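Presented sequentially are two complexes of chain A, the first with chain B as partner and the second with chain C.
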Partner chain A sequence: MTAGKTRRAGAQVAERIAFALIWTSALATLAVLAFIVLYILDLGLPHVSWRFLTSAPEEMGREGGILPTIIGTIVLTLGAVAIAAPLGIGAAVFLTEYTWESPVTRAIRFGAEALAGVPSIIFGLFGFIFFVTYLKMGWSILSGSLTLAIMILPTIIRTAEEAIRTVPNPYRDVSFGLGATRWQMVTSVVLPNALPGIITGIILAIGRSVGETAAVIFTAGTALNMPTSLVSPLRTMAVHFYILAIEGISLEKAYATGAILIITTLTVNVLANWLIVRAVRRHRRKS
Partner chain B sequence: MEALRERLIGRALLVVACSVILALAIITYFIFQAGLPIIVRLGLDDFLFNTRWQPAEEGGSFGIGAMVLGSLWVTLGALVVGVPLGLAVAVFSAELAPEWLSTLIRPAIQLLAGIPSVIYGFVGLMVLVPWVRTHLGGPGLSVLTAAIVLGIMILPNIISISEDSLRAVPAAYREGALALGATRWQTIWGVLIPAARSGIGASVILGMGRALGETMAVIMMIGNSLQVPRSLLDPATTVTSNIGLEMAYASGEHREALFATGVVLFAFIMVLNLAANAFSRRRLQA
Partner chain C sequence: MTTAPISAPAMERANGNTKLEVCDFSAFYGNEEVLRGINLPVPRNEILAVFGPAGGGKTTLLRSMNRLVDNTRGAHHRGRILLDGKDVFAPDVDVVNLRRRVGMIFALPVPLPMNVYDNIAYGPRMSGGRDRKSLDEAVERSLQRAAMWEEMKDRLEESALHLSGGQQQRLSIARVLAMEPEVILLDEPTAALAPVSTMKIEQMLTDLKRQCTIVIVPHSIQQAARLADHAAFILMGELVEYRPGNELFTAPSDRRTEEYITGRFG
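== the complex of A and B ==
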């Protein structure tokens, strides 16, 4: 056997080992995902009942259900999206349709990227010192929604910008050719065509809000009462789950709440994914 | 009339877009304003490297040395777990996987990213903590446990950006290497990964930021002990978990010190962001 042949054989052995490791890593990653989901569902779903979803917690959550935390999650998330969506879509329209690359757009993009990297505990600290204390909003729906809105803003801007960029340029040319103003072109041609992508971004932002704990616990509080106004404090499902688990109040209820939490976030993400796949297909058909 | 309206709309959109910069500025200002005074009073050296943290409303001792060490250990550990695993999955998805499997992996990774951090922390607490306790010793609540789970949590960041940059390597590189007689693995290791290194670097830095900033999951697994960890199996505390735990009841100087901890974290994350930015800019130029 010549030296060249041995080297070749060695390279093939190395390749086989490397590929085996890579396959193992990929399968292990999928297995971890499956394990986490199935583990929570397996131990949580048996304790989930209609009553659990529709009744108030008793004894700090040791007994009863999680209705106020479900309502709290929905209200807080809707509030955050209602604030962040117009701002984010507006920013994306500005970046794509109303300007060209300049120091201003670079600063805006840098701001969005930096904001996306800020950890949620920092948002929690900020929301507490600014909305809760400085603006005297207290632990409330308002403080929590505003904090979450800032947190999800970068996601909405980025996805909306990408979606708007996939709208083919001839559409814009035709619209201008027919005498439309830029704003008419944006509202009647660009936004409708970019809608699936924009909605995907909003759904991802909803998922992030539903699962958020650190930024919510210091701004919306941990009150277990049903919220009655914009300034009432509330507790979201994620915060409730965290408190049940860390204070050892009730493992059973923690698993059950965790199951609802993971079903919600998975549904949201699957929905977003399905929309992306559909939008990509539609885009391919067009071009 | 119409032209005026158009111009107004343009201006309004500019203002809306600048809300991002405004938000970042207000966040920076308020965090620093709340935390900086105590750092100045104690001196940055003492605050960062002193390991005695004995909070009291007035006259406590505030040194975050132990937490900084805890954060560094946990973050490094997360990278040791997450980077090789994530890179392997990225290579798998971009190069090895059959088409159908590769289209399955992308959404799966997105789901992994969508799982709330409290769920990760809880599963870590219920499954990994007892496992570490019985098989490796120690209390189970430890640097190692937190690092492993954080390593999994940063996988989506590492995989998605690394995969994108692997896919962006021009086909000619791959064909050239294969034509020269390299095996597929030699091509991946010797050509594709080096060509994609700025994207991979950016993904590692972003993953690092995510691990460093994670709070709730770490609180649930690290044991929250203010001791300096002597081994991977010791409980510890991190910069983030200490803020998360003590903010609930802190007041006075103690609260100020927690905001100061936030200042340190915030500054560090911003440096990481700038570094990631520099990496990806290099990728665009290359």
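== the complex of A and C ==
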């Protein structure tokens, strides 16, 4: 009886300690994130102006704005998503709807997982060797987008596959039962219901592309000119930030660019979170 | 024990009365045999009730009739299932077309996450229906045949997920009717429904058999007795008895059938 009580008291103490520790780690994580964001914003935002956002850089970026790097970031990212999204969703549909589990699907999935763990500089090196030099695309939007596409492909495949797996199987039975072909079933029932999850994955991939430097420097170059065609070299905001800071060109401009970059990635992530929450809510209402 | 009724199909086929015929049919999942040598004629414009304890292979039998088993890993079969005399598993059979002719209703109502109209128009659209006017007509006709046009005509734009369970199941039937199927398979369609909804659906099925042939796995023996023109008792993958419903439920010829319908097991 007494022993039991003591044990219970002990368990309660452990519970309190665990509670405190877990709260501390959660707060610490949040604090680090808040510190970094606020620090950069504090240093950068005072130098951000409308003109900064809408004019071209002068003197290597010491003066002027960052318009070409904003455009460069958007174009490169859209290019990467435009290549990776159809491929990734297609692969996910293939893995979930068109084959049984087998050594082949396991190999594909393992490949995607392995690809996800590769450091981005390796993708940069591969892109440089394969796209830039071997295929003679040079430092260009094309090389950069293709490289980023390979880099974000695993994320898109995995999130799309997970989203597709959450679509209830009875929907498939009903669709087939009503005389749908497999493709009709996929497009009319599976993809519309998996869409929020798929979009979330794409947005996470966008976030990764926007913030990438190593893979981009090697494949899209660092040119400060406004890109004019698919084979133009360009510079993204992340690369611009890196070069301004590392070469000591202008810390003020670097932080201003960093502030815009952080605002962009945060917006993208908040958007992704909002979509996840909305998708989960919709799913709950259904069941 | 089953000789007399099993000899009937030959006679019935002769005068064209058999819509669907299961011939020496065995079904497997991997090495597991879930149906063993089933012979079962389904007379045209009748309701056949396939009943028996859970896990006996009734659902597999239904899912074989419209080849939904194709989507189950490791499923294979021996024997034939003839629809109007033609094996549904024959290599030249278009499975999509087969499923348009043989519709299916599941135990849990599954409204697709779209509005009432789109649910019912789903089948016709999948077979290429684009014309709004003919889709409108198909939706109205199907709802009318499912006796729910009056309650649904002002709710066509509403999400089907908001309907009650009974309405959702009748909607599922209307959705199948929109394809003008020749055969309707129902796998315990009233298992999740209240008695009033069950009654409506049973009434609907009795009306529908004028145009269709119906195979139902009933959710109770009482329901089987109420609906069945013919009834088949399936026990652990084997057909024990197949006879006209009024005979089978009043004077079963097999001891196991009798024990089951009097509630001694199952």
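Here is the rule we go by: the second predicted complex is superposed on the first by the 264 of 287 C-alpha atoms of A that agree within 3 Å, B and C clash if a C-alpha of one lies under 4 Å from a C-alpha of the other, contacts with A are read in each partner's own complex, and residues count from 1 in each chain.
Here, contacts are C-beta pairs under 8 Å (C-beta built on N, C-alpha and C of every residue); 3 or more make two chains touch, one makes a residue touch a chain.
Source: prediction; values computed, not measured.
Engineer: According to the stated criteria, A:T6 is in contact with first (chain B), second (chain C), both, or neither; which is it?
Structural biologist: After superposition on chain A, A:T6 lies in contact with neither partner.
Engineer: Let me test your reading of the model: by the given contact rule, A:N225 touches which partner, first (chain B), second (chain C), both or neither?
Structural biologist: In the superposition, A:N225 touches no partner, neither chain B nor chain C.
Engineer: Applying the document's definition of touch, where does A:L30 land relative to chain B and chain C: first, second, both, or neither?
Structural biologist: first
Engineer: When the two structures are laid over each other on chain A, which of chain B and chain C touches more residues of chain A?
Structural biologist: Partner with more touched residues of chain A: B.
Engineer: Considering only the touch criterion stated at the top, classify A:N193 as touching first (chain B), second (chain C), both, or neither.
Structural biologist: After superposition on chain A, A:N193 lies in contact with chain C alone.
Engineer: Is A:T181 touching anything from chain B or chain C once the two structures are fitted on A? First, second, both or neither.
Structural biologist: both
Engineer: Is A:S49 touching the first partner chain B, the second partner chain C, both, or neither of them?
Structural biologist: The answer is neither, since A:S49 touches no partner chain.
Engineer: Between chain B and chain C, which residues of chain A are contacted by each of them?
Structural biologist: In the superposed arrangement, which is not itself an observed complex, chain A uses residues 181 for both chain B and chain C.
Engineer: Which part of chain A faces chain B closely enough to touch in the complex?
Structural biologist: 11-12, 14-15, 18-19, 21-23, 25-26, 28-30, 32-33, 36-37, 39-40, 86-87, 90-91, 93-95, 98-99, 104, 107-108, 110-115, 117-126, 128-130, 134, 150, 153-154, 157, 181-183, 204, 207, 210-214, 217-218, 238, 241-242, 245-246, 254, 258, 261-262, 265-266, 268-270, 272-273
Engineer: Could you please specify the touching residues of chain B with respect to chain A in the complex?
Structural biologist: Touching chain A: residues 2, 5-6, 9-10, 12-14, 16-21, 23-24, 26-27, 30-31, 34, 84-85, 88-89, 91-93, 96-97, 105, 107-112, 114-123, 125-127, 152, 155, 159, 183-186, 188-189, 206, 209-210, 212-216, 219-220, 240, 243-244, 247-248, 258-259, 262, 265-266, 269-270, 272-273, 276-277 of chain B.
Engineer: Where on chain C is chain A touching in the complex?
Structural biologist: Going through chain C, the ones touching chain A are 66, 68, 71, 73, 96-97, 99-100, 103-104, 106, 108, 110, 112-113, 122-123, 125-127, 161, 172, 175-176, 179.
Engineer: Using the touch definition up top, name the residues of chain A that touch chain C in the complex.
Structural biologist: Of all residues in chain A, those touching chain C are 100-101, 168, 170-181, 184, 188-189, 192-193, 285-286.
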